[in-house]
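Next come the structures, one after another.
The same chain A turns up in both complexes below, where it pairs with chain B and then with chain C.
On to the complex of A and B.
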């Protein structure tokens, strides 16, 4: 069994419990705004649900997975007990309390501001404080990841940090710096407003600070999947990783080009100069580099595995792969969704093309395809891979897990493809209902209904996941052995020093943030008339 | 592990891309825009970084006729609007009673009820009349005689008067849904009962003929004290029959 398995298991279970509840809400939302619902949904309930769904799935679920997986990597890849386990439990407790606070504040109807906060909308301070606690809890984790790597390096001078740990710490650093934007917004703008200490808020500055966090938060969600691609997948496929150094380059590039990208969320915001919008477009395009490196490196590793298993010819190796193993299947499905989602993302990040789909359902479809598709399916695979090491029981069963992954893939495709299309037709996002009797919307109704049906397929798959994980907690005990990571073909090749450390890359990330966000933020302290009064969403207001 | 360094080429390529991005975003593209917009290259570069400065004197933006109102909602104006003392305006309000009623409920369809209107609404209305941003010979004359203190006191006074309204069933879809296809937000989201926005008057129980007249005035442009034309755009997009139906529904909420 894995060291600290209770700690890791607690993170995973809280994550999946939050996830399961949120998927129910998501399926309800898809149905409530579709023609299948037979009338407009109660907007009050709808926005409550959207806020809970977004908050739980953007802030709580992926954070807990990253934390739990990070602890598992630290104890297994470094092969030593976790230093600071008490602090790790403290972080977990903060996330738990924060989640409960936020969820209760949203359930009471006093915080229907959506997970993006949207000041001057103002909800209950408990909601924002809850989110702050979740973030602070995750900072404990980030600190421990860095600390454990630094201590290991000190004890193993001259050795290369295992790739899984290197990627995990890169992600922890990315998260710490990335979350600073939203933390500043919450602490200095939103909370004072929600507590009634200030009578106005600079909504432009708030949006700029939030964009600092969102978009890079997406890479924080994504990197655990990348760690799995590089270190768990090749073993599951039965071959070494094609290149360890390619993996390191991909991780550090996420630190560099992944940070100054958020202004592509503000293309339509008048308070940001066009030059900065262009600059962020360029950096967002730069994210294609680590993405394509990874797709290439992973495909090469799979080809090596397929050929070792007797695959012949140009594509014969594909059929020879062990498709019955959840990690292999999930990776392939994830890469397919990454291909489509990446393509729709190219539209979003282009300053001019974005105008055609700005604030339409295309955008929601895109991030569901990437996050709920590519990222979350890899979270499932990670859980399936870790579960026997955490519980001491075998996975029951790999076959059922593959069914679950296929269902999830089909569900997400059925949800998001029609969703993209109605976005192209101009359907605005963040609406609780549409007038389906209006002739102008006639072409959209069937597509939205199809999407809603996909939502229920996804829900079915989520239920199956919970069943599999619960079933695998029991049954006969087995000796599972240690959790091991893939060796790489270039393990013996020389490694540039910069690829065994993260400090220089972290510094570069901070410097690029200053260059790319410094002026847009500083400007808001000079501009007058940017202040707007809060708009309370409290019940009875 | 070797202490090999990352290649110079890698750093040069990365730096080159960054420099090129800055030059394209802040110099080349703005200079192309400059000729299209008829402004200088330096101005275009400043715009690209987000540096703003006051418009040149004599331009459209600074001509007083183009400024719809002098009341902008910010910390100072919101605070000022709420700073009045209702008691002080009691005697002054006697002069308003002949048209707007002793308790702020107008006896005539032509004049709006003032009871229960928020302080900001009265503050902006009186200031706009005084600044000749909103046209009405009678009200302009009255407002010109008011100083800032009297305006905020009157605002506080009318905000303190009760207006009881009874909402009729079945609001028109324009009121609760709006018309998204035409970018028309639901009336009720800003003017009640679904929601309220600062500076937007509550319309529940307002006089029907008055509401219709205001919508027509916004549509024709004779009333133009709305920032960014937000009401003019909506009113223009509504047919006369739709303007009627909205005024009818809000006007039907008779006070009890």
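On to the complex of A and C.
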């Protein structure tokens, strides 16, 4: 059994409970706005649902997975008990309380602002406070990850930090700084407004601060999947990792280049100058590099595994891979979705092409492919890998898990491909209903119905996940041994000191943030007439 | 194979892959720069502010100014207010084949707009003026939805853009005194 298994298991179960509820809401939303519903959905309920779905899946679910997986990595890769377990439980409690607070506020109907907040629209202060508690809880985790690595390094001078821990701490540092943008927005703009302490807000500044968080947050969601690619997948496939160093470079690049890119969400905004939009285009393109490095490194590792298992020829090694292992299957499916989602991402990052698809269903399709697709399918694989170590029972069963992964993959493809198409047709996102009888929209109806069917496939897969995890909590006990990570072909090669530390990279990230966001934020304090009064979501209901 | 040569081989592979991926990425940025400069295509970025609480009290976005005005050179300026849950006016009339400037301001929350089948697509943030320059090639009618969640009536916020031949444009628009629209 893994050390701290109760802690890790608590994080995963709260994560998957939140996830399951949110998938039900997501499937309902897709059906309710499709022609299958046979009439407009109740907009009031619809926007409550969208707010809950977004809040739970953007702030709670991935955060808990990153936390739980991070603790598991810390105790196993560093092979010692977690330092600060009490603080870890405190962080968990904060996330739990924050989640309940936000969900109740949204359910009550006075906080349908959607997870992007976008003031001057204003909901209940309890909703925002709940989100703040979730984030503060995750900061406990981030601090513990850094602390555990630093102490380990002090006790093991000259040794290389295991890649799994290196990636995990890179992600913790990324998250701490990334969350500062939304934290500033919530603490200095939104909460004072929601509590009635201030009478105006700069809606442009709020969007800029939010964009500071809401792009790199995506890399915070993604990096646990990358840790699995680099350190769990090769073992599952039966081969060493092709290059440990390439993994470190990828993590470091995400940390530095992944942070100052958020203004690509604001290409169509009037309050940011073209120069900064261009700058963020360049940095966003830069993020493609660590992703492409990873795709290369992982595919090479899989090739090594396939050839070790007797695969021959140019592509013969593909068939020789152990496809019955959830980690191997999930990785392959994740990479396919990353290919499509990455391609649409390259379109979004270009400020010229973005004009065609900005805020259409295309964007929803893009981030569901990357997040619900690539990232979440790897969360499943991580859970399947950890479960026997956490529960002491074998996975029941690997075969069922593979069925679940296939269903998820098919469901996400069926959901997102039609969305891309209706996005190109100009369908705006986030609407509770469309007039399907209008001749200009009628052609989109069948595509929207198709994606709604995909939603039910996704829902079925989520249900199967819960069944598998519950079933694997019981039955016969097994001794599963320690959780081990892949060795790399270049483990013996010398490692540059910069790739065994993160402080210098963190400093670079902070400096780049100042360059890329300093002026767009500072201008708010010089401009005139940019302050607007709050608008309660309850008005006009 | 000795350990040294394995490491050397790995390094060659790594560098080749990293180099080609970086080259592809640079090429993509080059394409953005070229297309943007070639077509003079830039995002709406004026950073122009406006007092959103007094739009109706006079000035550029007062009621009489909302709609389309044609300049002597045949180009058009369209002024629109976005508010919960309608664009005012909710039917814009514009000349085909002429430069069109659309200026929008929000009276309350964040809105967005796009014109289906075109590249016209921007946010409308209260406190700021959004300016979009475009040209509609062919006559016809297109839909113009709000594309950012603006409250519980967001799904009802649709306007229309009617593109007409300049010759059949309502004559009022030419005397600059009155902006015209096709709103009922």
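Here is the rule we use: the second predicted complex is superposed on the first by the 537 of 541 C-alpha atoms of A that agree within 3 Å, B and C clash if a C-alpha of one lies under 4 Å from a C-alpha of the other, contacts with A are read in each partner's own complex, and residues count from 1 in each chain.
Just so it is clear, contacts are C-beta pairs under 8 Å (C-beta built on N, C-alpha and C of every residue); 3 or more make two chains touch, one makes a residue touch a chain.
These numbers come from a predicted model, not from an experiment.
Enquirer: Will chain C clash with chain B on chain A after the two structures are superposed, or do they fit?
Expert: Result for chain B and chain C: clash.
Enquirer: Regarding the shared-chain residue A:199, is it in contact with chain B (first), chain C (second), both, or neither?
Expert: A:199 contacts chain B only, not chain C.
Enquirer: Looking at the overlay, does A:355 come into contact with chain B only (first), chain C only (second), both, or neither?
Expert: In the superposition, A:355 contacts chain C only.
Enquirer: For A:428, using the defined touch cut-off, is the partner it touches chain B, chain C, both, or neither? Pick first, second, both or neither.
Expert: both
Enquirer: Given the touch rule stated above, what does A:272 touch, chain B (first), chain C (second), both, or neither?
Expert: A:272 contacts both chain B and chain C.
Enquirer: Under the stated touch criterion, which partner chain does A:112 make contact with: chain B (first), chain C (second), both, or neither?
Expert: A:112 contacts chain C only, not chain B.
Enquirer: Residues of chain A touched: more by chain B or chain C?
Expert: After superposing on chain A, more of chain A is contacted by C.
Enquirer: On the A-aligned overlay, A:99 touches which partner chain: chain B = first, chain C = second, or both, or neither?
Expert: Once the two structures are laid over each other on A, A:99 reaches no partner at all.
Enquirer: Now for A:10: first (chain B), second (chain C), both, or neither, which partner does it touch?
Expert: neither
Enquirer: Mind working out whether A:535 is in touch with chain B, chain C, both or neither, as first, second, both or neither?
Expert: both
Enquirer: Applying the touch criterion given at the start, work out whether A:440 contacts chain B, chain C, both or neither, answering first, second, both or neither.
Expert: both
Enquirer: Between 8-16, 26-34, 116-124 or 152-160, which run of chain C pushes into chain B after the superposition?
Expert: 152-160
Enquirer: Which residues form the common part of the chain A surface touched by chain B and by chain C?
Expert: Chain A residues touching both partners: 40, 271-274, 277, 282, 286, 428, 431, 433-435, 438, 440, 523, 527, 529, 531-533, 535.
Enquirer: Under the stated contact criterion, what part of chain A meets chain B in this complex?
Expert: The contact residues of chain A facing chain B are 40, 158-160, 199-200, 271-279, 282-283, 286, 428, 431, 433-435, 438, 440, 494-500, 519-520, 523, 527, 529, 531-533, 535.
Enquirer: Which positions of chain A touch chain C when the two form their complex?
Expert: Touching chain C from chain A are residues 40, 43-44, 47, 50, 112, 114, 116, 118, 120-121, 202-204, 207, 242-243, 245-246, 249, 266-274, 277, 281-282, 285-286, 288-289, 292-293, 296-297, 300, 346, 350-356, 358-360, 425-426, 428-435, 438, 440-441, 489-490, 492-493, 523, 527-533, 535, 537, 539-541.
Enquirer: Would you mind writing out the residues of chain B in touch with chain A in their complex?
Expert: 1-6, 17, 21-22, 24-26, 29-30, 33, 45, 47-52, 72-75, 78-79, 173, 177, 180-181, 197-198
Enquirer: Tell me, which parts of chain C touch chain A in their complex?
Expert: Listed in rising order, the residues of chain C that touch chain A are 3, 6-7, 10, 13-14, 17-18, 21-22, 24-26, 28-29, 31-32, 35-36, 39, 41-53, 84-85, 108-110, 112, 114-117, 119-131, 142-143, 145-155, 158.
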